[in-house]
Every structure is written in structure tokens, then in C-alpha cells.
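By written order: A, B, C, D, E, F, G, H, I and J. Residues from 1 in each chain.
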Amino acid sequence: MLFHVRMNVNLPPEMPAAEATALKTKEKEIAQGLQSSGKWRHLWRIAGQYANISIFDVESVDELHTAISTLPLFPYMQIEVMPLCRHPSSVRGDDS
Amino acid sequence: MLFHVRMNVNLPPEMPAAEATALKTKEKEIAQGLQSSGKWRHLWRIAGQYANISIFDVESVDELHTAISTLPLFPYMQIEVMPLCRHPSSVRGDDS
Amino acid sequence: MLFHVRMNVNLPPEMPAAEATALKTKEKEIAQGLQSSGKWRHLWRIAGQYANISIFDVESVDELHTAISTLPLFPYMQIEVMPLCRHPSSVRGDDS
Amino acid sequence: MLFHVRMNVNLPPEMPAAEATALKTKEKEIAQGLQSSGKWRHLWRIAGQYANISIFDVESVDELHTAISTLPLFPYMQIEVMPLCRHPSSVRGDDS
Amino acid sequence: MLFHVRMNVNLPPEMPAAEATALKTKEKEIAQGLQSSGKWRHLWRIAGQYANISIFDVESVDELHTAISTLPLFPYMQIEVMPLCRHPSSVRGDDS
Amino acid sequence: MLFHVRMNVNLPPEMPAAEATALKTKEKEIAQGLQSSGKWRHLWRIAGQYANISIFDVESVDELHTAISTLPLFPYMQIEVMPLCRHPSSVRGDDS
Amino acid sequence: MLFHVRMNVNLPPEMPAAEATALKTKEKEIAQGLQSSGKWRHLWRIAGQYANISIFDVESVDELHTAISTLPLFPYMQIEVMPLCRHPSSVRGDDS
Amino acid sequence: MLFHVRMNVNLPPEMPAAEATALKTKEKEIAQGLQSSGKWRHLWRIAGQYANISIFDVESVDELHTAISTLPLFPYMQIEVMPLCRHPSSVRGDDS
Amino acid sequence: MLFHVRMNVNLPPEMPAAEATALKTKEKEIAQGLQSSGKWRHLWRIAGQYANISIFDVESVDELHTAISTLPLFPYMQIEVMPLCRHPSSVRGDDS
Amino acid sequence: MLFHVRMNVNLPPEMPAAEATALKTKEKEIAQGLQSSGKWRHLWRIAGQYANISIFDVESVDELHTAISTLPLFPYMQIEVMPLCRHPSSVRGDDS
């Protein structure tokens, strides 16, 4: 099942650079693992913002929440989730 | 270049059924043509709404506007566009 | 899987009474069928509004969208969907 | 009487882990006591957010406010309350 | 129990004057009956708007919804309800 | 003249308990004095929030502003004021 | 007493020109009468909009509401009122 | 030319009293100078808020921005500007 | 002086095509005249919307309002105006 | 390709003056370089705010994001991007 997720990151500017770097490195590693496993199907940067649009493909809502809420940047993100389903006009094999 | 487009359709309930069907049939035909050509890369229904999330892949903003503004349902849609770019953590070949 | 759905109904006051009654009667019949089948798990009226809060229990997002979008009042409703998951502090057997 | 309550939790990321854990442990204990007593009838996590949707079943508005405002996380939560009543189309015994 | 209710009235300007007058006359009669019975405890006009702030004193949420949703102007009003409770600093006998 | 005032209190959670208690004690004393004098005619708690709905009865807007802006919690409150007037359907002696 | 009033006018484009002209002519006559009497102290057009910012100087909120709600364009306007008082830094004789 | 300016002041409550007083004293002095010169034509307090409504009368937008952005409280204010012009129904000599 | 103007056009879909075409043709003619005279300095389409971003260069706010409010599409547009001034970091000759 | 960018700057008032000055000096230098190269085509101050409206002319969305996200003030800005395209009524050579 597909879910559309928007994540806006709000790292406090006063966070020490080393701490921020460590968080982002760990975040990237986990995000790439989820992508490799097929759970995090798409990941795009919104131009001009420290924010992304993601498409998750999961077995259940619980799996989705676990994936998102264990991200290292989760405490610093504002997140909105919208469930998606196949559009009757879609001709693409990978839209569901 | 990728653009994230949200389209909310507001067909007036009093529109004659034949007129609505004709509009939707033509819309579907054009949408599928744009998908086949690769311009309309993804198309998902937002669950519970007469709305969709789309990803367009176009050469220019002008091409994007032409594609959207010539859709038969354009006069009945509220549309929001966000430019996307490749995310530094993406490992997917088809995210840019 | 559980989804939290808010439905606000906007029937135009000028709709003929017979038409409105027919729509509502059919809506009620379908809503009660979905409740009996266990798909529409809870249904509450928001006090002071022609609106409801519902909890759906479905196998997939597609099933959710089909259930909502085929309701007779769908063209007259503004709808918002939020996916829910089990809360770690819940002790209730019927919260997931 | 039933009330729909949405709670968004905003714990400052800089709160010491021990303090946060103590708050959450106490919150869980109280939340489970209110569930056992039947006052806090449902408790769900909103997917992707540190937030919940709850249904309270109380004798009065004062009882509702006392239950909510004495939660350990109350100073860190943004809360919205909507009174609910039985929906005329509900066939469920536990919707009122 | 007390509930704070804001009602914004949106009568279409094209409604025939006789129809509007009949609706308002009936509304006034019912509103005054509810005031006399003590259910509609306060009723104020918001300056500059066709809107009111009301305080209802009812036995239950169901009673509140029935009172509001059977008003003749209900189909033309946007309504928001907030439950109120006694404020710990209130010294007034009629604030609960 | 009557004014509808909504006050949302935002005390920073990190404020020392003694300081918060002192502020609230002084606030309560002043609020009760204004109630006794008849200037602060009603004071209700909004259920589930650290917020209140108040009705002030003052001789002038200047008197209203002085009363509100000298409250000890004023620097920590978000406040909205709406002027009220007698509703033509009110039958209550104390609604103006 | 001074009140800041913003009026946004929404005349339906399909209103017959003669009807619109009659409404505006009558509105202008009344507005100028209220200005001459000193009740409508200032009247400015918001650039680019069919809207105005006005300052009323009235004896009471009831007088303000009567002045506004009897304007011929009242059924077509969205109106917001804010009470004003003398600013401690004002040196102008006509700011209160 | 006239501009309508709304200024909301957000001084952090933890600012030392002496610093706040110094800022406000300087602000008042400059505001009164601009009033005396005729540039700051009106200045009113919004009742119940640490905010004001001002009317500026300047030769250019640059002059307006310079006046506002050099105010001592500028870093602590949220500001909205709307250009005004003479209203065709105004009969007042000082409304343009 | 420069003003940033956003215009959103809302032509009712049921307007006869000939009437819409006539309005747009006249609008285009006037817009091009204002561009040629230098008053309407820039005009861009917002991608995906029947809306534009414009930069006007006028002698006064009155001139701006006259230019906008006499456009044939004015009754069908939602318009927002923001005054602009030269940015201290601009190196462009045509930014003021 | 053209993009409309609004940048609102929120420098914390408690930032040391030297740090703020260094940031702004570097920001100005980079902004002027981008203007000289033609990438940052227009830059205007929004009157009364620490904010700007900019028009970027770039080859791709990635180039736009790189330009914006490497600005020294990026961590302190709230930014909104809208893609623009040539307006069919534009007669200006430099509007595309």
C-alpha cells in the first residue's frame, strides 16, 4: 500500500555541527536501507526547502508509523501522511 | 525536470451526467497519452477525495503549464505545483 | 487497518426535499451495510454540525476509497482521511 | 457522553532523556487507568505523528477537563475537543 | 453543562424576502422558547456580522445537537461548538 | 458594553514553579476583583485547554484594554476581542 | 469610541447593472451621511480590491452594529471589527 | 500616499526589564517624531493586544520601509502593509 | 514605485464562450497597453494556475488602483498587492 | 526558466551582532554574484518586512535548489517557490 508523506525538517540553527552531521548521516543510512528494501519507494527534495516528498510502500499502517517514527530526525520533523490508491486513469505498472 | 502537482476536482453536482462523462473520458484519454509519452510520470488517487497527486517530468515550466492547462477538467480543478529535485539520500534510479 | 475519516456534508439548501431524502435514505442503507460487515467500525455525529467522525477498518487503501467514493452523498462531502495505528499505551482489545 | 480529543505532543528535543522517560511512563500509567475505568474509551496513534486521537466517555465536561488537564504531558500538548453524539445511521451498540 | 456556540448565518441574498422573513420569525420563536426553558442561556450578536455567540446549558451533547440542528436557519449556518467548564478563578454563581 | 474575549495562556514549561504559582495567584486575585466589580461578567474554562472565554462589561474600549493589558499573565497570553451587542431575539435581562 | 472595520464587498457579477448601481448609490448616500455626522470618521479604499478600511467613532457597540448592518451592501459584505483605543505613544489630537 | 500598517509586538518575556524599557522609550521617541513630521499620520492600539494599527503618509515606498525598518522594535514585530487610496465615497478632507 | 500584484482569475465555467472570449480579448488589449506605457512592468503566468504575478511601476497608489480596478476581468479576480522597494543587495539597474 | 521565490528571514534577535553582520555580508556577496551571472534576475524588498521577492532564471530545478540552499541565511529563512512561465499577454522581451 502506498502512502504520500511530506517531511519538513526544522533543525535548530544552534545545534552543534557535529551533532547535526551525526544525525543526518544516520538518517541517510536508514533512509537508504528502507529504499533498498522497497519500503521507501520514492524520495524527492522540495526545491528551496529543507523538506521532502516521499512515497512509502508498506504492508500496514503500523509498519509505516514504525518506519517514520524511528528516523533519527523524527523529533525535528513536521510530518503529514496521505493514503494513496491506484488512479483509474493510470497506465503505469508501478503506480500501485 | 520533475514537478509535484496536486489536483482537486470540483465538478458541480448539477452538471448533466452526459457532460461530466464526456469530460472525464476525454481527460482520461489525454492523461494516458501524457503518461505514455513519459511526461506524466506518476498518477495516484488521494484516498477519500476526488483529487490526485501527480509527478510530471518535463523539459520546461512552459511545457508543464501547457500540459496542465489544456486538460478538459482544468476549469474545474484547484491545482498546486511544487518543483522537485533529486534528494541527496535517494538511491533510486528513477527519482530524477 | 484503521482509518479516521471526517465527512462534512454540504447539501445545497435548494435541493428538492424528495431528492435529498432519497439520497439520505440510500446513504443510510449503505452505511449500515458497511457497519454490519465490520468495515465501518464507528460512526459519530459531530455536535452542532452536519458532519461525522468515522473509523473504518479495511484491508487496503483501495478498499477504503471504494467504500467512501461510492457513497451517495460523496459528491456533496468534504472528506479528510488520517491513517491510525495501535497506540503503545492502549489497553483496549478493539483499538487495533 | 462522548468527546473526540486530538492531542499533539511537542516535547522539546533538548529535554533530558530521563525526564522525558519519566513523563511518558507516568502518562502511560494514568492513560491506562482511565482506559480501565472506561473514561478513556479509545486511544489511537495518528500515523507519522507524535499525536493521538482519543474518545472519552465522561459524565460531564468538568470530568473531561480534569482528566485531560492533569495528564503529565498536558503542558506539552496542543489539544482540540469536539463533542460527539449518536449518529442516526449508526447500528453499533458501542457508538453512544 | 455549558457549551459555547458560534453561529454564522449565510442566507443567500437572492432568497425571496417572504421566505427569509418566515425563516427568521420561526427561528426567533424557537430561540426564545429555548431561552425561556433555560437551555439557551445567553445569546449575543457579534457586532458587524450576521452571527451570534451563544451559551447553551443542556443535560447532554445529544440534547445540544437536537436543539441546534432543528433550528430553521440550521441549513444556512456555519456552526462551531466548544465545551466549557467552570473556571477555577470564577466567583460568579451563574458561571456553571 | 459587552466584549467577548478569548485568552489562550502559554506559560513556558521551563518557568520555575514558584514563579508560575506567584503569577497565577496574582492573576486570580485581580480576575476576582474585576468580577466582583462587575467589569468581568463571565469567565469560563475551555475544556481541554489552558484557555478561557470571558465576557467583559465596560464603559469604554480604553477601560477594556487597561483591564486586560495589566493582567499578570498578559505577556504570556494570545488574546482575541470581539465586540458584542444585544441580539434582537434575546429575551434575557442580562444579555446586554 | 473607535472601531476599525474592514469591509470586503462581493457583488455577484451576474447582478443586473441597474440593481448594482442603485445599491451603490444608496450606499454612498448613507456612507456620506454617517461621515458628515462624524460617526464614520475615516474611509479608505484598499488598493487593488473592492474593499475598504474604515474607522467608526460611536457611542456604543449597538450604535456601531446598527450603522453597519443597515448599509445597503451589508448582505454582500464580509466584515471584521476590531476595537481600538488610544495608543500611549500617540501625539495626535484626533487619535481618540 | 497612505499605507495601512499593522504591527504586532512580540517581546520575549525573559528580556531584562531595563532592556525592554530602553527599547520602548526609544521607540516612543521615534514614533512621536514621525508623527510630528506628518509621516506617521495615525496610531491606535488594538484593544487587548500588544499591537497597533497605523496610517503612514509618505512620498514613496522606500520612505515607508526606511521608517518602519529602523524602528527599535522592528526585530520583534510582525508587520503587514496594505496600500490605501482615496475612497470614492469619502467626503473627508484628510482621507487622502 | 513598484508593486507586486498577484491576480487569481475565477471565471465561472458556465459563462458563455463568446462572453469569456470578449472579456479576455479586451483584458489583453488593456494589459498590453499598460505594458507598453511602462506601468505594468512584468507579467508572468503562475504554472498550473489561471493566475499571474505582475510588477506595476506607478506614480501613486491611486494610479495603481485605477489600473487594476478598470481591468475587464477585475470582477472575477482575487487580488493581493504588496509594495516593493529597492533591496540593498540588488545590483540590477531595473530593480527600482 | 523562471521561478518566483519569496524569502522571509528570521534571524534570532539574540544572535551576536558580529555573527549577524558576517552572515549578511556573505549573503550579499553571494546574492550579487548570482545576480551578475544572470541566475538571480530580480531582487526586491517587501516593504515593512525582513523579506524579499526574487525571480530566478535557471537551467533546472536542481540549479535553483543549489543556489538557494547554499545561501548563508538559508537556515534562517522560510522560503516558497512558484514556477513561472511566459504569459500569453506579455509584450515584454525580458518576461521569459
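General observations
Just so we're on the same page, a residue touches a chain if its C-beta (ideal position, glycine included) is under 8 Å from a C-beta of that chain, and two chains touch if they have at least 3 such contacts.
Note that the coordinates shown come from a computational prediction; the quantities given were computed from them, not determined experimentally.
Contacts with subunit A and subunit E are shared by C, D. Touch-path distance (fewest steps) from subunit I to subunit J is 1. For I-J, the equivalent interface among the listed pairs F-G, A-B or A-D is A-B, as over half of the contact pairs agree by residue number.
Per-chain CA centroids place subunit A at a distance of 44 Å from subunit F.
Here the spacing of subunit A and subunit C, counted between their Cα centres, is 28 Å. We define each chain's centre as the mean of its Cα atoms; on that basis subunit D and subunit I are separated by 50 Å. Residue positions of subunit H with contacts to 2 or more other chains are 2-3, 45, 47-48, 61, 64-65, 81-86. Contacting chain pairs in the structure are A-B, A-C, A-D, A-J, B-C, B-I, B-J, C-D, C-E, D-E, D-F, E-F, E-G, F-G, F-H, G-H, G-I, H-I, H-J, I-J. On the subunit F side of its complex with subunit G, the touching residues are 1-3, 60-62, 64-65, 81-86, 96.
For subunit F in complex with subunit E, the residues that touch the partner chain are 2, 4, 27-28, 31-32, 35-36, 41-48, 52-53, 82-92, 94-95.
In the complex of the two chains, the subunit F residues touching subunit D come out as 11, 13, 45, 47-50. Partner subunit G is touched in their complex by these residues of subunit I: 3, 5, 12, 61, 64-65, 68-69, 75-76, 79-81.
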